[in-house]
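Structures for review follow.
Shared between the two complexes below is subunit A, which pairs with subunit B and subunit C, respectively.
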Partner chain A sequence: MAKASAEEIAVWARAEAAKILQRPPERIDLDAKLSRLGLDSATAVHLMVMIEDWLGVELDPELAFEHPTLRRLAEAIAERLG
Partner chain B sequence: MPACATLADLLQVRADRQGDAPAFRYFDGRGEMLAELDYRALWRKAAGVAAHLRERAQPGERALLVYPPGLEFLPAFLGCVLARVTPVPLALPRRLAGRDASVAILADCRPALALTVSERLDVADKLPLADPSGWIATDLIAPRDDFADRPAPEELALLQYTSGSTSTPKGVMVSHANLIANLGMIAQALGNDERSSYASWTPLFHDMGLILNALQALYVGAPCHLMAPTQFMQRPLTWLKLISEYRIDVAGGPNFGFDLCVDRLRPEAAEGLDLSRWRVAFNGAEPVRAETLERFAKAFAPYGFRREAFYPCYGMAEATLLISGGRPGAPVTVRAGAADPTPFVACGQALTGESLAIVDPQTRLRRPQGAVGEIWARGPHVAQGYWSQPEATATTFRARIVGEDGDWLRTGDLGFLDEEGRLYPVGRIKDLIIIRGVNHHPQDIERTVEACHPALSRHNGAAFALATPDGERLVIVQEVERVARMAADLEEVEAAIREAVTQAHEVTPHRIVLLRPGALPKTTSGKIQRSLARRLFLEGGLALARGSLA
Partner chain C sequence: MTADFAKSAQRGRDRSILTSPRIKRLQLLHFLVFDVAPIAGVIVAVVGWPRTEPSAVDLALFFALWAVTGLGLTVGYHRRFSHRAFDCGPGVDAALIVMASMAARGPMFSWAAMHRRHHERSDREGDLHSPNLFGASRLARLRGFAHAHFTWMARHPYPNAGYYIPDLLQQPGLLRWNRRYYVCVAAGLALPALIGGLVTQSWSGAASAFLWGGVIRLFVVEHTMNAINSLAHLIGDRPFARGADASRNLAWASIATWGEAWHNNHHAFPWSAAFGFGARQPDPGLWFIRALVRLGLAWDVKSPDAARIAERAEAEGAKEA
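Entry: the complex of A and B
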């Protein structure tokens, strides 16, 4: 299992979200709600899966609904990684 | 195949003949079995539900079915059938409470009852019945050995709300005779029998999940292995593992599901996968893409997947489900389009007992072989019409070809037939947007857009589908008021549209284009011209609210 800080996870997730949304990463606000970025539940699940693969951990897809911005999501994941 | 006139006969035959055999199994995202029902248990649970419903509703009344993924939907659905209460399957209302069709469906079909499981009785708040005591948790109902009443073949087996927009939903009235006819056509087309086995992730409230998967399995007496759509989205390889482990020969879904399997393939996770028994990999409910078939075949050939297993097919709720499908094991046929760079995939031929015609939608004359026109169908599987909508029923279900007798179903889709009678769907007359197998009406999306920001005015936007290398995508073009034409304001407007559409419709807009006032093409009577807007978008001919697109 990889160790990663909330900041690292947030930056990585932003790059991944940028790929999914086909927009430049700098236009993706870490503090905007996922739905405001245009991530619906299917694409949010996809993002969670990509983060799982990257970190080599299993994550509850509900996390994306409970922590609906990239920054808060990254913090929640970092907390779980300990 | 047993001679069954209704779904109730079918259930009884299966319980009598093979009561101990597994009918339905439900799996979690890792492929662990969570629940199983044999045919006898299915029958007994359905009989219990039927007896309970009969005390609460008259034959011919409607019952909503609002279930989370799992096996409880099936005995509830079949219990309705036995009690002659018409089942109306609905998706669970979404977590992000966007506007959906449920409320309008309630108003349209006025159900006496609504069924769910005890842990989801909270949905009663979102779907209020005239009599709130009509909400019933069917998982708590005791099974019974028998239920005496049976429906007649001409009675409704199902009211299927997959057509129509959010504000004006259309419930397709499917009789037992329609359903049995289409199940027979499907069994013959796919070559299914009691040795078949199914694995499905498509939801049971959707016509493909219900009819092509669950009820077809019941029809031929084949075990059906189910997993939740959200679990599939997260772990599509689990579906393939079920196919491997349970020696499944029939499994399919909308095109995007096959792409998802390829996207998520990890060799280390797929080790030991054996797809060599997969005989029919049906692909329908959204346009079938040749490129998807190609990449899936290539990715999964090392695991024994045979390209001939691909089974592109075409259908819609108005024809119960299936309209065309090929011969299992026959190679997929593809034709290059004249103007369109993406090739068209043949979706098989007319089914036994069905006729297909390609008709000019204006003149109502038959088009010659190879020429594109509207796809029309007729046969015993064409449904009875739309619930309480005689005019829409007459237009769609009772169309006539000039100079000929007999009623036809108008599909609203465009296609052509080749010299061997193979059908190639090529597009739509209706302004429908199909993403991940779900139909979206542009009017619904346009209404969400115009209401989401004060700089947007009513009736000045268009939503349409765009074919991209990744499948069909949503494009929104919308005029903005002059007051909001500063760059910062435009970004805010765009973000507001993205958020509103994503929340309300569960679709990510692919492109949002903001236009100058008056730039959206309309007819002289003020109707939005979506297809012209689409063409101008592609040609770059729309007057933008700012000089260039970011």
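Entry: the complex of A and C
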């Protein structure tokens, strides 16, 4: 599962964020800041670890801070997957 | 997949904790504002004495907010969320998070994750605030004390919430209040200023109430509670000897810490809502939980019976001997 497009990653990450936030995925804006969505350090790190497990790769948790929206985060991860 | 990723996935890093420069910067900022800055408040009070002497209103606010935040920490963050030692409804959960957040000891999720790690590693490698991992010399023990009591908070590895608190992350009500942490901290500082100002009808009354009910109260709550990480792992009785786990009971600190100081008891029975065992070990946190039960606001309060406590003390005493 290591190959995924930015789009796929964004959709999957949104579904996970929806589970954490207990909100329907369609109500989660891919371009909103993670902190705006209601994710703090603990839950943002949790989301990163969920994405790592799904993709079967190790990611730097800093990514969630350097690319603080779901869309930009997904793009950054897809770029690293190559 | 690149070769690097393949290798790291196989290597399987420790999933329980991670280090992030960005989170460390947040920790440092939080440390400077809520752990270092309150010291300035104490200095102001001392240097300005007797002009800074607290009025009756200041003292009332100081003790009331000490009780609110201290009970929030021990009953909410600690016994309820970290250890599930009793059950209650969402309203009480929310109230406990708000009360504890006003102590500025970090958001509940982070606190509970670090605390569960503390029990997993107690005084072994990976315990984020053990005073006993620096060596045996006097200087090493002093360094250990400073670390466990204060400086560990300035920057430290961050526990993976998905690993330590999956049960808490699944409850939307908790997330809703957890994310309002900074609003609660600000309210804990604004409230005494507001009340002090209104009661005395003066700006100086507001400032004085802010100093005593806000800043100095933060300082006192912090250092009484930090003594559990530092002193209660260095000096005191160990009715339950627990090997490397150096937790101890500090009877003299039990009231000021709302029962937290029965720390060796707590490490022996972490699932127990009672930290003090029996009438001779005062435990205000337990009294508060019992009051909630009487009001019908809490239930399923877990604690070991006397026989079980005696049996464990004997078994662990024998192990040590």
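We adopt the following convention: the second predicted complex is superposed on the first by the 81 of 82 C-alpha atoms of A that agree within 3 Å, B and C clash if a C-alpha of one lies under 4 Å from a C-alpha of the other, contacts with A are read in each partner's own complex, and residues count from 1 in each chain.
Please note the rule applied: contacts are C-beta pairs under 8 Å (C-beta built on N, C-alpha and C of every residue); 3 or more make two chains touch, one makes a residue touch a chain.
Worth saying up front: this structure is predicted, and the values here are computed from it rather than measured.
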Partners on subunit A (subunit B, subunit C) - clash or fit: clash
Partner chain in contact with A:K33 - subunit B first, subunit C second, else both or neither: first
Partner chain(s) touched by A:F65 [first = subunit B, second = subunit C, both, neither]: both
Touching both subunit C and subunit B, counted on subunit A across the two superposed complexes: 21-22, 38, 40-43, 45-46, 49, 61, 65
Subunit C-facing residues of subunit A, complex: 2-3, 20-22, 38, 40-43, 45-46, 49-50, 56-58, 61-62, 65-66, 80-82
Contact footprint of subunit B on subunit A as seen in their complex: 21-22, 27, 32-33, 35-43, 45-46, 48-49, 53, 61, 65
Contacting residues of subunit B [partner subunit A, same complex]: 95-96, 230, 233-235, 264, 266, 436, 495, 498-499, 502-503, 506-510, 550
Interfacial residue positions of subunit C with respect to subunit A in the complex: 1-2, 5, 8-9, 13, 15, 18, 20-23, 26, 107, 109-110, 113, 158, 160-163, 165, 169, 172, 175-176, 178-179, 181
